[in-house]
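In order of appearance the chains are A, B, C, D and E, and numbering begins at 1 in each one.
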Amino acid sequence: MTPKNYAKKLGLPPGTLIYTGKEKNHFEISILDYDENNFGEIQEIDVEASFSFKDSPTVSWINIIGLHNTEAIQKIGKYYGIHPLSLEDILNIHQRPKIDHFDTYNFIVLKMLTYNQESCEIESEQVSIIFGKNYVLTFQEKSGDVFDSLRSRIKAANGIIRKSGSEYLVYAIIDAIVDHYFLILEHLDENLEELESEVVSKPSLETVQKINQLKKNLITMRKSIWPLRELLAKLLRSEFVLESSVIYFRDVYDHTVQIIDIIESLRDISSGILDVYLSSVSNKTNEIMKTLTIIATIFIPLTFIVGIYGMNFAHMPELEWEFGYPFVLFLMAGMVITMIFYFKKKKWF
Amino acid sequence: MTPKNYAKKLGLPPGTLIYTGKEKNHFEISILDYDENNFGEIQEIDVEASFSFKDSPTVSWINIIGLHNTEAIQKIGKYYGIHPLSLEDILNIHQRPKIDHFDTYNFIVLKMLTYNQESCEIESEQVSIIFGKNYVLTFQEKSGDVFDSLRSRIKAANGIIRKSGSEYLVYAIIDAIVDHYFLILEHLDENLEELESEVVSKPSLETVQKINQLKKNLITMRKSIWPLRELLAKLLRSEFVLESSVIYFRDVYDHTVQIIDIIESLRDISSGILDVYLSSVSNKTNEIMKTLTIIATIFIPLTFIVGIYGMNFAHMPELEWEFGYPFVLFLMAGMVITMIFYFKKKKWF
Amino acid sequence: MTPKNYAKKLGLPPGTLIYTGKEKNHFEISILDYDENNFGEIQEIDVEASFSFKDSPTVSWINIIGLHNTEAIQKIGKYYGIHPLSLEDILNIHQRPKIDHFDTYNFIVLKMLTYNQESCEIESEQVSIIFGKNYVLTFQEKSGDVFDSLRSRIKAANGIIRKSGSEYLVYAIIDAIVDHYFLILEHLDENLEELESEVVSKPSLETVQKINQLKKNLITMRKSIWPLRELLAKLLRSEFVLESSVIYFRDVYDHTVQIIDIIESLRDISSGILDVYLSSVSNKTNEIMKTLTIIATIFIPLTFIVGIYGMNFAHMPELEWEFGYPFVLFLMAGMVITMIFYFKKKKWF
Amino acid sequence: MTPKNYAKKLGLPPGTLIYTGKEKNHFEISILDYDENNFGEIQEIDVEASFSFKDSPTVSWINIIGLHNTEAIQKIGKYYGIHPLSLEDILNIHQRPKIDHFDTYNFIVLKMLTYNQESCEIESEQVSIIFGKNYVLTFQEKSGDVFDSLRSRIKAANGIIRKSGSEYLVYAIIDAIVDHYFLILEHLDENLEELESEVVSKPSLETVQKINQLKKNLITMRKSIWPLRELLAKLLRSEFVLESSVIYFRDVYDHTVQIIDIIESLRDISSGILDVYLSSVSNKTNEIMKTLTIIATIFIPLTFIVGIYGMNFAHMPELEWEFGYPFVLFLMAGMVITMIFYFKKKKWF
Amino acid sequence: MTPKNYAKKLGLPPGTLIYTGKEKNHFEISILDYDENNFGEIQEIDVEASFSFKDSPTVSWINIIGLHNTEAIQKIGKYYGIHPLSLEDILNIHQRPKIDHFDTYNFIVLKMLTYNQESCEIESEQVSIIFGKNYVLTFQEKSGDVFDSLRSRIKAANGIIRKSGSEYLVYAIIDAIVDHYFLILEHLDENLEELESEVVSKPSLETVQKINQLKKNLITMRKSIWPLRELLAKLLRSEFVLESSVIYFRDVYDHTVQIIDIIESLRDISSGILDVYLSSVSNKTNEIMKTLTIIATIFIPLTFIVGIYGMNFAHMPELEWEFGYPFVLFLMAGMVITMIFYFKKKKWF
């Protein structure tokens, strides 16, 4: 959960471009270029060919996939005037979500989370956003993201996005990511409900491990959402947001606050489930002990009594009595009944 | 406990009206229209017919039930000039309580809580309030609310409400909701007192589940009351409240603070009950173990001794002694007495 | 611990006077009227007769006992110009401690706590204070309070109280209440010390219940003292306190901070005692198990061996050996010694 | 740990001088009087004789021991113009550390802590400091303090103290007290290290009690150091400190922050030791249970089998077989081997 | 973990130079002197010889190893005009990380952490930095540090360091130290992952001790990183940083925030592992108890039955029956089957 590959970065000057992730297959640049009346979509464009969009008056969303290609990213950085420290942060996929304002661009890092249904783990991909007047650069580690419906919305001129500038596009990107967080919370909430019934019906050590996995997922989310909330608060306080966009960023800010609320509630509830689990295990141990104690307390003394009359002493008058055997049987029956009354009184069964 | 139906909202532009709740039966608009001297009440009015009340000089409380009718709500939104983001929040029943100020209206979302006596769960219904100079719109998910006595108070011209404006009506609505929170706290407090005696008289795994349910209810309340407190604090700090209303909003603000205090106390106390439960279970296990150990420690050695004299060796001189049998009985009685002294000394019984 | 009788208040307009307490026996107004040179004391005065003291130049302490008499309190409220919301708060004995400034008076609510030695519970009585230039009204639920020595101090002109105004009297009332909190803390501290030795000498389930009762008492105190501290901080920040009184209010403010410190310490210590209790119970279970295991491990195998020679096979050569019996006895003695060495090595006894 | 003797103070006017401590043996005033070139030391001076030092241009450190002598302290208070509330705080040895600025003097209360090696408890003595332009009064409850090396430093003109004013002396006094806190932390840290090895080598109930004592000591320290830190922060923010002294007070402020850090670390670590203890006890119970279960599971079935052939039925063919006895012995040996394999597989030994 | 050797410092005037560490072998001064075009490196230079670099226009990094040599450090302090309190802090290796601004220099203390793979403990070495216009003094306790790659970077003129001033060098030193913190976090994260699988596969008391060691390491890191974050925040707020350096210090500040996030996550996760451990131990005890109870509950009653027919009564008719023996065997088989059904129903196996 903590940074990997950090050894590679040790001792290098700040701004050295080192990719700290694992994915290294695919590099691709694709562009969505639009204004109120025009729309263009280009896939797999060359690095140099993409530069022309920077100063076009249309809004240009340049999406770069594949952070292992440090050369290409360096070229882009140079053309767009991106500070080496920003570039370093883009490539370091362990960067904490944050926003930095520069004279010519704004720089946002955040985490795109997806829920892996098989491993029940949350997977995180870093998305970095560089935006200026008429362009938005997004950097992703690998292909596949949560923006497909946003892209079709732009294509279909759905909502006000085609009438708005690059800032609104940045909002829409963040909103798509945050909306996905709610989807993950739905999964975690389902998990929790399953655990709530499992802990009562068939609690096992696996239940604890699942509770723990859930808690780890909540920790992962918390690590992404708290800095995202700070980021948005900082954005709202800054003078860099257009008056008309404030209401949208405030809306997504509200969502981050709500997500934090839900995460804290889920944490509290999952702690409660652990309490039920532990109580359930000690109750079971109790039950088992009771069974053992009842059986042992009834039969051990009886076995002792029959042992007495199994002794081979030459002189044991009881053995010769005509009703010695039934007498002993009655005696033992009496003892059993007494014991049972005693246990009933103690409410052991 | 977390948002459901979020999948429906994914990728849609902000302000798209999607109802995220379940209730879909009934749609109804009803109006209470009053000033100091006049009072009118209209039930089941048409959407369009309701528009005339917007600019009437009387205070008009327009209550809309049934959020699934997105068409009607869109119409209302258009007529009243409500921002699409506000409308979206009204329909999203998972919205966190909040207040937003717009130029022409103020927008409040909060949670109306009721206690379901059967399931011992708290049920939540979202109430959204839009208010301007002479009108107050309230949006509810389904019929049934906590405002009946408020309505009769208006009808009966009880208190100062008929002499006050729309802002005071908003206060009265919030106050009715918050007063109901105290009612729920009474239920939870009764629960707690029952649990406090149950945990001593007959603790069982169910007790832990009830404690847990109580804690979940407290979490639900906390999720509603903390943002409500923020909301009221923001309202009190804003310039949008008339000087004459401040004292009333401060009163209800005080109540939210008190509710938070009580919730925290109940949480602490319920944690204490769990401690008693766990101690009680380990005490019981202890008692059971003691019984087993006393019985086993007394009778297992005795059984061994009678086993000795049950052996069939040809040469066992004790078996031929005249007083061999009574001697062994005395020996065993001595052992029992010694054991009992030992256990007494150890304070085992 | 939470408000009772709230159902009565539901739906009523704010400022409706509903008494939410239980005590309904006694109603009485008594007055202490003084300045540097004069002193008068009147008991059981009529409501109307008490009004004349409002504008007298002497300091008039009008003490009203019996909140069930809402009529009388309404009259007083009317005469003194008390806002209906203040009157409502006076009658609602679950009001959170607070201070409100009005144009003509200041309004303080706080809790007078006393320790019930028999039930070991803290009892709370609400005291409301309304004060203006030359008068101080105090409202109590029932007779009996912590002000007796304050009254004799006034009578005896002890200290500077007779030379000071109504504000100093308010300070003296609050100080008397806060001083009593220390007395309660002494009781709780004694409790704690008893528990600390009980948990070592004879821990039982009752010990846990006592720890829990102590924690509940601390919660009760906390609920009274935190808002009282806020109240005093607000008072000190306000412009409504005379410069000469500030030092006295700061002194009592310091005390509330100290009380909070002590409460938190006591909480931490009582949690520690619970840890000792739980450790002590598991230690005991451990001891019991050890005894059982030692006895069972020694005698169960022996019983098996004597069982072997109790079998009735026709052909068992050992049974015929001359020294078969003593040989088996030696064998068993050897086994016992081995076992004891094993347990010694494992440090089981 | 909470105030004692509070009953004495109930109902008295503020500023009444009541000593709330226990030590009542010794009263003594001693004086250190110095400037850059002169040094004088007077022991056991009369109250009245000490007054002359107040206005002398040299720095006069007047140390008063024995708070039970309220008369003498009243006289001093009167001469130095000390407010009755300050005098009350000096005598109330349960006063929370604080600083108060008055027109003619500054008033500091703090706690001098020492570690009692025998009882392993921290002992606290209240030190009050009143200082003006050329004098510093210190009030202690009993003889013995941590200032001996400070006194010799003044005598030997070591460091800059002889060249500095009364404020620097106050700093030096506080610094001596705070330096002693580190010494106590060394003791507590040693305790902790012993406990860390004890919990592994020979854990017992005493270990828990020692952990608890350690936690109580940390609570005691926390109660002294947090207000001391506040006090110093307030001092640094105030305008009453000479520019040249700021750096020294900041240094001792840094130390209080560091002490708080260490205390919190020690608390966390001691909680960890408790976890190890509890795990160790449940591990042991586990071990004991395993031994019992292995023995019982092997021998109880065997005892049953030999019991079968101990029955006295007339018709039991096995008893007549020639190899019946060895056959049963082999059968039982087979059972034992099976059991042992089973336990091996389960990794029970 | 707390200061050692504090006894030595007791009572000494502030600014007395006492080294509180253990390492006392090696003293060495080495210098790196550079500007954009020149680079010089001097090892083992004399104290006095090093003074010439103070005012040279090149950036001079003077690295002093060996704090036991208080004399040399006093000389350096005198020449560079370092305040005695700063010198005292340099020698006190328990100093909390902090920054102090003086007129002629800035003073930073921080902790260089390294992970000892053998003991699994974090080792801390204090690094103090004094920097002025053209010089940077670093003080270390012993030889060996994390700056080797920084030195080669300077030598190789890698990055902008050779073009930048002393402030940038300070940044680079802090950055190297902070980068190393990430490396330690990688180790701790690996630890955690091992523990996560160990706790499931073969949990033992050692696992708890390892979890505890991990927690202690996290506490150690927290004690270093929180004040370091404060230090950098203070630096960023101050006017002492060149505009061009701000972005670099902000970058390293971001890292400290991220480290804090990770530490808190690791703490939460390690608490979760402890929960799994405890659950796993009680599950095991449960399993063991179940085995014992099943065996005992089946065989103890059977042993009683065979004991009955082992009695030697003269008159026991069953013993004479022809099918008495097989009848009893069938009876017992029936009992065993019943028991097994009972246990199956209870889901005991």
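Methods note: contacts are C-beta pairs under 8 Å (C-beta built on N, C-alpha and C of every residue); 3 or more make two chains touch, one makes a residue touch a chain.
Being a predicted model, the structure only gives us computed values, none of them experimental.
Graph distance from chain A to chain E, where chains that touch are one step apart, equals 1. Rounded to the nearest 5, the angle that brings the Cα atoms of chain B onto chain D is 145°. Where chain C touches chain D, the two copies mostly use different residue numbers: shared numbers make up under half of all numbers in play. Centre-to-centre separation of chain B and chain E, using mean CA positions: 41 Å. Between the CA-based centres of chain B and chain C the separation comes to 26 Å, rounded to the whole angstrom. For chain D, residues that reach two or more other chains under the stated contact definition are 278, 282, 285, 289, 292, 296, 300, 303, 307, 310-312, 316. Taken pairwise by the contact criterion, the protein chains form one closed cycle in which every chain touches exactly two others. From chain B, with chain C next, the chains follow one another around the ring as B, C, D, E, A.
Those residues of chain E whose C-beta lies close enough to touch chain A in the complex are 148-150, 152-153, 158-161, 172, 175-176, 179-180, 182-183, 185-186, 188-189, 200, 247-248, 250-251, 254, 257-258, 261-262, 265-266, 268-269, 272-273, 275-276, 278-280, 282-283, 285-286, 289-290, 292-293, 296-297, 300-301, 303-304, 307-308, 310-316, 348.
Touching chain D in their complex are the following residues of chain E: 1-4, 6-7, 9-16, 83, 85, 94-96, 98, 100, 204-205, 208-209, 211-212, 215-216, 219, 223, 226-227, 274, 277-278, 281-282, 284-285, 288-289, 291-292, 295-296, 299-300, 302-303, 306-307, 309-312, 316, 318-325, 328.
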